[in-house]
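Here chain A shows up in two complexes: once beside chain B, once beside chain C.
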Partner chain A sequence: MPHGIPDYNLATVEREVPATEPPAWEVNDKLKVVGKRIKRTDALAKVTGTAVFTADVQLPGMLYGKMFRAGIPHAKIKSIDVSAAQNYPGVFAVHVLEEMIEGANPKSGEKSSRYPDIKYAGQPIAGLAAVSADVAEEAIRLIKVEYEALDFVVDLDEARKPGAPVVFATDVDQEASDGGEDIEQGLKSSGNVRGPSTRSFYGGPRGDLEKGFAEAELIIERTYRTQVQTHCPLETHGVVVDYNQGDVTVFASTQSTKNTRNDFAKAFGLPKSRVRVISEYTGGGFGAKHALGNFGVMAGHLSKISGRPVKLMLDRKEEHISAGNRPNSVQFMKLGAKKDGMLTALKQLSYGTAGVGLGAGVGRIAQAMYDCPNFKTGQYDVFTNAGPGAAFRAPGNVQGAFALEQLIDELAVELDMDPLALREKIDKSMIRKVERERGARRFGWTHKKAGSDKGPVKKGIGVAQAHWPRIVNLDSTVEVRVMRDGAVEVRSAVQDIGTGTKTVLAQVVAEELGLQTEDVTVLIGDTLFPIGPSSGGSIVTGAITPAARNAAYKMKQKLFELAAEKLETDAGNILLEAGTFALKNDAEKKISFKDLLRRMRVEQLTETASRSDDYGGFMVGTIGHGELGSVQFAEVSVDTETGFVQVERMVAAHSCGRPINIGQIESQINGGIIMGIAYALYEDRVIDKSTGHQLNPNIDQYKMPFSFEVPDIQIELIEDYGGRSSTDASGIGEPANIATAPAVANAIYNAIGVRIYDLPITPAKIIAALNNAKNKNDE
Partner chain B sequence: MNKFSWYDAASLDAAQKEVNATVSETLQPGTADDAVVYKAAGIDLLDLMKEGLSRPSKLVGIKNLPGLDKLAFDSEAGMMLGANLTLARMAENSAIKENYTALHQAASQTATPHVRNMATLGGNLAQRTRCWYFRAIEHHCFRKGSTTCFAHTGENENHAILGYGYCVSVHASSLATVLTAFDAMVEIRTAQQALKVVPMKDFFVLPTVDRTRETILEAGELIEKILLPAPGKNTLSHYLKTGSRKSQDWPMAEVAVVAELSGKKCRKATIVLGAAAPVPFVSEAAMDAIRDKVINESTATAAAKAAMQNAVPLSQNAYKITVFETLIKRALLELVA
Partner chain C sequence: MKKKTPKPLKKGFSRRRFLRGAGLTAAGTVIAGSGMLGLKAQQLPEEKSPGAGVLNLSMHVNGRLRQMSVEARTTLADALRNELQLTGTKVGCNRGACAACTVWIDGIPTLSCMTLAVEVGERKVTTIEGLARHGKLHPVQQAFIDHDATQCGFCTSGMLLTTAHLLAQNSGPSAEEVKAATSGNFCRCGTHPKVITATLDAAAKM
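And then the complex of A and B:
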């Protein structure tokens, strides 16, 4: 199989391949459909509005659900009175939640009172279903809850102090979501602080820190802070549930039809086979839509009670306060290095809060990215009275990269080295080496002294790198059907959350069957189809496309048999190309794909195949070639008198194994960069410390990027063959997002000569930092 | 949002007969549930209604009132702007651009293109503050009738540095900042159908005077038009706004300067700061400092410093002093650039 990077070290590697799987594809250059810029198969449906998202689903007799949420951040519920709501004209069902299925939970599972304790403002308590959304909204105001208010804490630093109000009185656990930040099970809590977690799938601490720092000729210690970011998908979380006496259909805006089904079956004690989950289109997810959620359970109960389908979509405020977020962090970093730049020791200590949830670690990037013999991390979760965090596009690593990549930049400054040259020295990754080289060339990188521009508006350049492991998921099965009229159909329960999964499935099957993308119909996002992976961890393309190719390959073998019969030869003598079966040594003896299908003895043929283990074994525990690296370069201008920052230009050099669809990959990278810029400069969930309520649960004061904030983005996409599966593809969604914020932060430092350690980098912080620096100089 | 009925008024009289409350009144506790209020484009009103802060029983649409979207310019008489003019129409109007540069600049930088296509001048002047405590149903704040200003000691990065009492909110209207600098007059039709003309700076009400309102408008009163004096012969103007983003943001700080020059010398200037105080803040200190001075880097800087002399920042917004100094200096220098 091809192995390595074209123009650098492309070679051939031998792999043992299961007998049912196809021989290796050549590099993309030699392929017809895969690796090309193919328009999304659903582009027209989306831009013309015919695509049906969960928010658009209308069923006959459907009711509208609405949740009643806690008005204070910490309390015991004394009583709940739903009678007035129950009696409101147009209300068909009212339900009070018995447990919280989001966030962390005590291991014992025992309850201190009849109702779940309130642990954050906006926690769902009850809900109802009514004939219209307006009636539901009016009726929900009639629910009365009596609380016994408790002291609360919403701030990461306050929550760590001895004597702070305690969010969970006993030890708690939580399963990590698909693609979510690791959660080490069984760790103890003291007050609100749980942990530390010191291990990851890369192992535990390595070397001897003390020895490493003793050997160092230079030690840098810095503290970095990152904010809470909320997901803000265009389509909020939501479901339409038709309980139908236990033959359930759930339409869900989800990143996992599989998990939604499993959660629903569990919550209602039903066999999985009686719960069907459909998600034909999902309007974005970013990591927060991996589960059914309290709202999904609520909709289930309301539908069960009313005997009617119930739609329950969160509004934008609910989305901010209760539907997940990227936890914040404070990271204490200590780095030892030799004068030539070689690292001798790296110590990382972090605290973060996922509110009432777990998963506030800062990822494995500090552990995995650089060559450093002595390393130790301790990552603590801190509980606060705020909505539970969730996986968020490269969970942990985005926070971790902000600290690590500024720290490396600071080391370069201390050593008076080009930060790119320093990375060249301490980074063993082959793919990032290529990315640095190609990215730097495209960017026109030349090292520039910090703060050297004249005038109030200063330009600066910065670079940062990312690491993301290649992860796959074996719950990846695809069915390929062909029909007598020539139709080719692909079916899988995997969902497309906007990343283009439908299109890559069509491409892979088309390539294998010698067809064009548009010849293949893709039906996905339905648990009636074979199981698909969750859309998280940048897993999907690497997991599901090999299954699709394997199934198409099996189908092709069947069709070869059939063609051999018709062409009176052996299957081994036949080639399939451009929609035609022909004899290898006599191109005149041929039959078209369509003709062959027309002459099938049966109406339809079906083949199913799954993702197998990686060829050559999974790479867990090792790093280096084959990971999903990236290197991003930023150019910014900073108005030092107003603090205004404009990101002018980004160059992003990325790899994702064998690229399947260039346009879609570029879209992911564009999106990742825009989101990264927003993380660097704008987005920040603000909760009032005295009331515990979020002050900006909207997309006005919670600042998202719009068109003026989008820089000129140039992408260097690098093919990186690893011989790992029948398509050798990997994901790109998360790696696209990791390096952006530190690249921008480094560029801001380079522009103004003062470093900001705290995200987001707002005008207020820039002005304050510059004024501080000026006052120090004046002293 | 609550249930409400809708009345699309065809005449001024009809509209005024219906209305019995100002939107500000509906935000106070214990207001009657039969409030009827004006709605122009509804951008601000619907925000308040969606949050559940305002629950009027009826909206009276005034967008289709005849004649309220007129614009007229006369070099002797000045400019007349109908209250229903959209910001987009003001932004593209050449008489405004030529004679009232700062107004053109403010109208074209406010909000987003789609908001500007809808938003009206009258609604812009009568919109309520963007203070995030004021805007949130969870915070029953001083301005909404309680005794607590949460921002005073809370999250106040966007709040006032000048001219505030207990409430530290800042005024939201960019057009108000500019129109105050132009000494514009507001023509109001009272509920009794009398005409009342007041200078822009008397149109706004400080919370220290009345915390429940931001303008003098009484129930049923309607802004009909805004009148700008004829542009002085050697009068120039400039408007600057800054924020963290270029798209969509309300200003973090904004400055409008209208000055009469002779050569590079400033005969007199009106300097108004937006997002600095609970009402558009006329900086007499800056105006005094620049009067009869040749405008250059050092006099502009001195005027900017003078403007901030009395600023008392809150816990999180000292940065605004630097930013306002920058904008005042730059706006003055732009006049002579």
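And then the complex of A and C:
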């Protein structure tokens, strides 16, 4: 099967393939549907407003749920009085939560009362269901809670200090969510500081750090800071639950129908098979929608109590304060290098807070990206009285890349080298080598001295790289059905959160069956169908498309048998091309795909297949392999009088194995870059230290990118064949989001000759940094 | 008439908030005393306050006269979505900052989450469900399909009604003009570059 990068090192590699799986496809050039710009199969529903999201679901007799949330950030609950709410006209059910299923959990029973302690402002306490959203909102205000207020801490640095108010009195653990930053289990806490975590699937520390620094001819020590970012999907988290006496249906705005089902079954002591989760359209997720959540448990109770379906969608404020965020970080980096640029030692020490949750590690990108023989990391989680973090588009790696990729840029400056040439020297990854070359050509990269522009508005260019491991989930199954009426259906529980999963499934099955995408109907996002992966970790395309192709291949074998019967020959003598079965040596003897189905003895045929192990064995833990690597180039202009930054253009060179749908891949890369620019320049969750409340829990004051903030984006997409599965495809969502912020930060440095070490890089910080630099020069 | 400004509305206190607040107080005092458990909002006594009662309205929506029962505080977005089941109109922030709820009132893009249903009166409302005419997609709808200008699809209705209005005003916009027109439409997936391409393509084909 094909292996390598076309025009560079494309070769053929032999792999052992399970007997039930199809022979390898050739490179995309030779395929008809895969690797092309195929229109999204659900675009028509989206442009006509007929796509039904969870927020749009309306069931007969449906009630509207609402949560009562803590008004202070740290407290014990003395009493809860729901009687007035209970008696309010139009209210059908009230429920008080007795445990929290989000965030970190104490190992031994810390619980001192019936109710969970309040650990952040906005933590859910109770909820109710009423005939309308307005009545629910009125009634929720009648709930009275008496608190015993406790001291609290919301700031990362203050929470680390001895004597700071302690968020968890005992050691805590938390399961990592799908695609989340890995959480090392069993680590101890001291005060609010848990860890350090020193190992990952790339292994632990390597080499001898002291020796490495002793060998260095140049040592750079820097501290980088990143902010808390909230996911802000346009459709907020939410569910519609119809408990129906334990035969449950849950409509969920989710990245994981599977997790939602499992969480619900667990919370209500039901067999998984009695919980059906449906998610046909989900309005974005970005990592925050992997679980049922406290709100989902609440909706379940309210539906169970009332005997009616209950819709519970978070409002925008609840979304910001309780539905997940990207933890912040402070990263202390120390780098040793030779004068020729070769790295001798790299030390990383980091602290970050996921509020009352775990997962503030910085992603091991420092460990995996460059060839450095001596490496050590220590990553600490710090608890604060803030809403729990969640996986967020390349968890940890986005924070980690901001530090590492500026550090490498600083090394290049110190060595008076082109930062691209330095990376060429220290990066072993073949795919990133090609990405640097193709990206630099497209961008027109020529090394430019920092701060060299005259005049108040200065232009700068910057480059940064990304690393993301290729992850698959073998619990990925697809059913392919053909019907007598000519229909071809693909069924799986996997969901499409806007990435285009429906369309890639249709393409893969169409390619295998010699059909067009329009001939294939994709029914997904329903746990009545075979279970699929969560939409996280950029797992989906690499996990589910091989299963789909394998199932289609099995179906094709069945249809060959059937065609052989009709054409009175052996299955081996038949070819399937362009919707027609024909004899290999007599093209006149043929039967069309549709005719064959029409003449089936039974109404439908069905075949099911799963993702098998990677062909040739799994490849994990190689330093510098950069499988889903990327290299991004940024050009910015900085107004040194106002501090205003405009990202003028970005060139993004990416790979994702065998690309399946070019348009959708471009769309995701655009999205990753735009989100990365916002991380670099705008987004910042601000919590008031004196009240513990978020000050900007909305879309107007939590500054995000709108059209004027979007630069010209050019994409170099590079095919990279690995011979690992029947489609050899991979995801792209996360790699797209990693390199952007450091590329922009490096470009800002290149423009003004002064480096900003903490995100977001606001006009105020630029003005302050320029003034500092000026004062230093004046002295 | 509410006109859509290029940037989101940022006033702290809206007329709607005020009305909702007034409704709450009235409903709270009147109903809590009456002890009518389990009554639906639609069955509440009508005469007590301007905020709490049910009003029967007719409204021109997508070329038809539709009847609905709403309260004075009901937003146009909620009325369209909950009363008429026109759920193509999305609510992203419910305070005029994201423009996902954009509809046309007499052809002018308007934030339906910032408009009360009772304000509409005789004016004609067009939602995303009414953008295609006689079974034929509007050129921007087709262009959004052709250029992959949708991702999750939640901002799409607002984007389309905004860009379709732009093309009605300006048949040959520049990329900058498309940017300006959509500068109040929030999209977290990052469809903006393709929204621009698609709108320019639609203009060329109109």
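General observations
Keep in mind that, in the parts below, the second predicted complex is superposed on the first by the 773 of 779 C-alpha atoms of A that agree within 3 Å, B and C clash if a C-alpha of one lies under 4 Å from a C-alpha of the other, contacts with A are read in each partner's own complex, and residues count from 1 in each chain.
FYI, contacts are C-beta pairs under 8 Å (C-beta built on N, C-alpha and C of every residue); 3 or more make two chains touch, one makes a residue touch a chain.
Being a predicted model, the structure only gives us computed values, none of them experimental.
By the touch criterion defined above, A:Y281 lies against chain C but remains apart from chain B after alignment on the C-alpha atoms of chain A. Judged by the touch definition given at the top, the superposed model places A:A764 against chain B, while chain C stays out of reach. More residues of chain A are touched by C (comparison of chain B with chain C). Legend: residue contacts after superposition of the two complexes on their common chain; A:N670 is shown touching chain C, with no touch to chain B. By the touch criterion stated above, A:D42 is placed in contact with chain C alone, chain B being left untouched.
In the superposed model, A:F92 lies in contact with chain C only, and not with chain B.
Of the two partner chains placed by the overlay, chain B and chain C both lie in contact with A:D134.
Residue contacts after overlaying the shared chain place A:N696 against chain B, while chain C stays out of touching range. Applying the stated contact rule after C-alpha superposition, one finds that A:S707 touches each of chain B and chain C. When both complexes are overlaid on chain A, the residue A:Y682 reaches chain B alone and has no touch with chain C. When both complexes are aligned on chain A by C-alpha atoms, chain A residues 134, 137-138, 700, 705-708 touch chain B in the first and chain C in the second.
The touching residues of chain A, counted against chain C in their complex, run 37, 39-40, 42-53, 55-56, 58, 84, 87-90, 92, 131-135, 137-138, 141, 231-235, 281-284, 286, 315-316, 497-500, 663-664, 666-668, 670-675, 698-700, 704-708, 710, 713. The part of chain A that touches chain B in the complex is made up of residues 71, 121, 134, 137-138, 456, 639, 641-646, 681-682, 686, 688-691, 693, 695-696, 700-701, 703, 705-709, 762-765, 767-768, 771. Put simply, chain B touches chain A in their complex at residues 1-3, 112, 130, 132-133, 135-136, 138-139, 150, 153-155, 157, 242-249, 252-253, 316-319, 322-323, 325-327. Chain C contributes residues 8, 10, 20, 23-24, 27-28, 31-32, 34-42, 44, 71, 73-74, 78, 81-82, 85-95, 97-98, 100, 127-129, 131-132, 137, 141, 144-148, 150-157, 160, 178-180, 182-196 to its touches with chain A in the complex.
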